[in-house]
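A, B and C are the chain letters, set down in written order, and residue numbers restart from 1 in every chain.
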Amino acid sequence: MTPHPPLLSATGLTITADVGGRPRRLAGELDFTIARGAALGVVGESGSGKSMTLRSLVGLLPSGVRADGEVRLDGLQLIGLPERRLRTVRGERISLLLQDPFTMLNPLQRVGVTLRESLAPEIRSDRAASREETTRRLAEVGLDPTVADDYPFQLSGGMRQRVAIAAALGRDPDLLLADEPTTALDPSSQADVLNLLGRLRESRGMSLILVTHDLDVAFGACDDVVVMYAGAVLESAPAGTLATRPRHPYTLGLLRSRVPRDRYLAELTSIPGSVPAADAVRHTCPFSDRCSWHAGPCRETRPTLSPVGAGHLTACTRVADIGAELDAMLADRDDAGETRAEDAGRPDDLVVVGELRKTFRSRPLVGPGRSTTALDGVSFRIREGESLGLLGESGSGKSTIARILLGLETADSGEIRFGRGHRPAVQVVFQDPYSSLNPSLTVGACLREAIRHRVPHRRDRPVPAEADLLALVGLPAGYASRRPPALSGGERQRVAIARAIATDPDLLICDEPVAALDVSVQAQILELFRDLRRERKIAMLFITHDLAVARQMTERVVVLHRGQVVESGETAGVLTEPEHWYTKRLVTSTPGGR
Amino acid sequence: MTIGVNPPPAKPDTLRKRPSPLRFALPALLAVVALLAVFGAELAPQDPDAQNPALGAGPPGPGHPLGTDVLGRDVLSRLIVGTFPAVAGPVCVAIGVLVAGTLLGLLGGYHGGRIDAVIARGADILYSMPALLVAIVVIGTVGGGYLLTIGLLIVLTLPGTVRLIRSATLSQARLPYVDAARAMGVRPGWILGRHILPNIMPTVVATFLLEFTTALVSFSALSFLGLGVAPGAADWGTMLADGQELIFENPMMSLTPALLIVLTAVGATLVGDRLYDRATLATEAR
Amino acid sequence: MTGFVLRRLAAGGGLLVAVSFLIFSLLHLAPGSPLTSLLGGQDASDEQIAALVREYRLDEPFLVQYGSWLARAVQLDFGRSILSHTSALARIGEFAPVSAQLAALTLVITVLVGIPLGMAAGLRRGRAADRLTSFAAVVGMSSPPFATGVLLIYVFGVGLGAPVFGAGGAGLDRLRHLILPAVALSIVLIAIVVRQTRAAVLDTCRQDHVVFGHARGLRISRILTRYVLRNSALPIVNTVGILVIQLAAGTVLVESVFSLPGIGTLMVNSVEAKDMPVIQALGMLIAVVVVLTNLLVDLVSIMIDPRLRLGVRTSP
């Protein structure tokens, strides 16, 4: 098909980790190619092996991790190339951009130095030329020349990521590898950085491999998309084809798991179960355990990619039988969507927050102490049984409000009134399921502790049983004897929810409860929250930066910006017709505009 | 030249370590030292205090595998009997430091505020003092005694442990699971004992053996300088000091206690390292 | 910047006052009356006793005594040594050169051996060379200078007949006499430096910015110096404070083993003879060294790390 040979092609690429002397496969038998000037998206959830695959292309795997197979860059075999030769490839031909802009730049070096050292030696050696070039490079990524004199810690996340991009492109490579380059950024800078990458690719005629967990990011920025799952490529196709005619049940599941922002869905779809380890599914279709179409052959051999259309490959062996069904299910979801049918809460106030202020002070070793205003006169109310969204980016003060309501922090001034006259019981589900459970306590012990701390004014109700609580969050009773490290992220979040519910709270604060979860699991947890609300009439304060989550989970939203409420009202109204410029920016900036 | 190119995986070193002969040798050595400390008097082949002025200091020979000291006493027997004073004090110091340090560290790290400021500043100030020199001056001028030495060393080595436990506690106290427990109304004592302590156990264990090693060296240093234990009593440090003057007559008399001090300290350090790694792995992979 | 230095100096001054109080209290804590302590068990005429009482204001309340002692201590007057009958400071001056030379030699050996060894081990993590170095560091940490010293004396003195006792004359002879004590002393210090450097380098190598440096094809020499070494420097510099403390304690032991006429020997002798003025002067001297070292460490840290200098912005 392609008139020119591809810039880079991988054949049978396999990544293996050495764990205690035993090899464990992280990704296997990968085939993919990228044409000169093209953009390839690699989409996958955690454990898909996508990041390791990317790093293997430049020989920067962690120690104890090995790559085999063939990766050819203009015919040059990269796997097994000696370090000395690889050094001439890195930066010059292929460059790698990492995920976290906060750790990627040398903290002790000014931005100008970082840029200068990344330039080609002939420019670097000439002082005047390199200074001029540095200014030009900063302008290319949309930064002011004065940034060169700043240290990375003086810049925002988005600016740091721009600096990193400029540094990665210092020697004008043919191919840029980007590993989740926008995941650590706030939504508004995410779109900027993605647009910048697209612009640079066009103006430089450079190729791009973009690894992401977000289908919309890949669709928005890439020509072709490869879907990885548990260390295998399951499907690859042009972005438009993949979005409208997926030919693998997993891709369909991912597409259907996306939480829409423009409408309310009465039922959120998800893929049941969780992602297996790549090593455990070496000889079967890795998705067969979670697939509703799986048949005998799916479990017997590892399916290989076969063509189903122009540039479209799938690893599903049953695609001929189920293709029509896949199309129907995708269309079905696109038709769905309705206005909310849920009880919007009773008019009585549960909590009224008035003019809340909080300032944090820090004192550096040298120089004057500085203070950060987290909350600058925040007022809002939560009604009995309603779900209120608290929408904002990092630094908006939304987590401080949660901590104050939980009694973990005290406000400098302002008042919190309770509609019932007494302090309602408040519980919380945090973002990170890995640190919100004590790793040394069994699930049962954790729940028993919560049961012992039930709310005093609810003591007349029957004592909940551990098994019932586990059943309520969809976990088998046997999980009571397990400890958190043996659970998956989604399972841990279920335990955290069970713990919160065990105390029988009046208000449940959900602080970004799905932000750290895999796409296919997020909807499971959101549905669980909805079930709990239906059954128990608990009021919820849903803290999130994600407009889609707010749309699905809340009746009203309060938009926070730098410790101030800039807009509030009915969720549907605020998200479709925002009034404040900041809300408008939030609404227009999410990639893909789904 | 591929050194340093790759970020190592975030797993403890031991994962890929091959079992070494030291794995069994060092715990065995510690067990032998413990036996000698407890049953020293019964195990000594001769009376450690029996003098033989006619013999005087002499090299190893029949009846005296490690030779004799200046009073003709059997070096091997004195070495065995000297185990108790050399080891018992450090064990007491380590236990004292462990108990006091863990309590203070947990309290400061979890409570924060003024209490923590006092504990942290106090630990910082004590930490910047040369413990051994302070001990020399205080014991030398105020007067010695085994118990005073133990007490003094507990106070002087406390800050290191307080700092370690405090920072371990701090890093746990910041985690959301502690916030969740607090929001639920769990009492602070329960949070500390049931939630935080089990998770910092690796640090506590490692600290105990580290403090034992430090105290072992400090104790023998003090008795080497003639402070700490009563003069004339058999003790590794004292024997080392006495033997050093007789290095040409009977080198064994100074070399063997030196070797025992070093080996015991190495054993304790390595066993501590291994327990730390294992406890860390256990917390991570449970 | 000046504000910071002044604050630290004030804190250091406060610490010195606290230490001086404890040091002065020693005189009263020691068995027997302060007067007998100051006389050092020697017979004295009534006149001499009266002079001492006047000098130390022994007939006045404790705090007044302390005040007058402190006032003179600030002027570097700690009284007369009981052993030498010269001023305490002059006596320290006699013994200081050997210790200063020993300390300097030890620090040079420690830094030149410890940092490169620790870096090499950190960069070769998990390999045979690293394991050997790490094991040697554990042994080194567990080897008190007096034990190492005895071993060195046995090997070089008994075995090879090298000069092992005393400080020798000046110049090269002094160096020859100090080399073994310095080695005995530096073994513990090297072990500490190796462990800290290795840990710091390991930590730095795992950082994203080092990987990103490789990803841009930077020269290995640049990554080692500007990335790994510079980012590891902060924890390494912070161990210098610990080194100085270890050095002070180790000097006492090593000088005793090798019969060197240094500060350590002076301290042991003074303690044995209850020579209070010298003990007090030595105590203050060591406290001043510790305070100045910590200030220096803070200043160097600030120079290395701009985040300490400019204050970190917390929100992204």
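Criterion: a contact is a pair of C-beta atoms (placed from the backbone, for glycine too) under 8 Å apart; a residue touches a chain by one contact, two chains touch by 3 or more.
Just so you know, these numbers come straight off a predicted model, no measurement behind them.
More C-beta pairs in contact connect the chains of B-C than those of the other pair, out of A-C and B-C.
Relative to chain A, the most remote chain by averaged C-alpha coordinates is C.
Separating the centre of chain A from that of chain B, both taken as means of CA atoms, is a distance of 47 Å.
Our note on geometry: chain A versus chain C, Cα centroid distance of 51 Å, whole angstroms. Distance between chain centres (mean CA atoms), chain B to chain C: 22 Å.
For chain A, residues touching at least two other chains, in rising order: 60, 63.
Residue positions 125-126, 207, 211, 214, 220 of chain C each touch two or more of the other chains. Looking at chain B, one finds that residues 1, 5, 7-8, 16 touch two or more other chains.
Only residues 1, 3-5, 7-8, 10, 13, 16-17, 22, 125, 128-133, 136-138, 140-143, 213, 217, 220-221, 224-226, 240-241, 243-244, 247-248, 251, 254-255, 258-259, 261-262, 265-266, 268-270, 273 of chain B touch chain C when the two sit together in their complex. Chain A makes touch with chain C in their complex at residues 58, 60, 63, 87-92, 95-98, 100, 102-109, 117-118, 151, 153-154, 156-157, 164, 167-168, 170-171, 186, 360, 362, 364-367, 370, 372, 394-395. Chain contact summary for the complex, chain B toward chain A: residues 1-2, 5-9, 15-16, 175-177, 179-186, 194-195, 198-199, 283-286. Contacts from chain C toward chain B in the complex involve residues 15, 18-19, 26, 29-31, 122-126, 131, 135, 138-139, 141-144, 146-148, 150-151, 153-154, 157-158, 201-202, 205-207, 210-211, 214, 220, 223-224, 228, 241, 245-246, 248-249, 252-253, 256-257, 267-268, 271-272, 274, 276, 279, 282-283, 286, 290-291, 294. Chain A contributes residues 17-21, 60-65, 83-84, 403, 406-408, 426-428, 430-432, 435-441, 449-450, 453, 483, 485-486, 496, 499-500, 503 to its touches with chain B in the complex.
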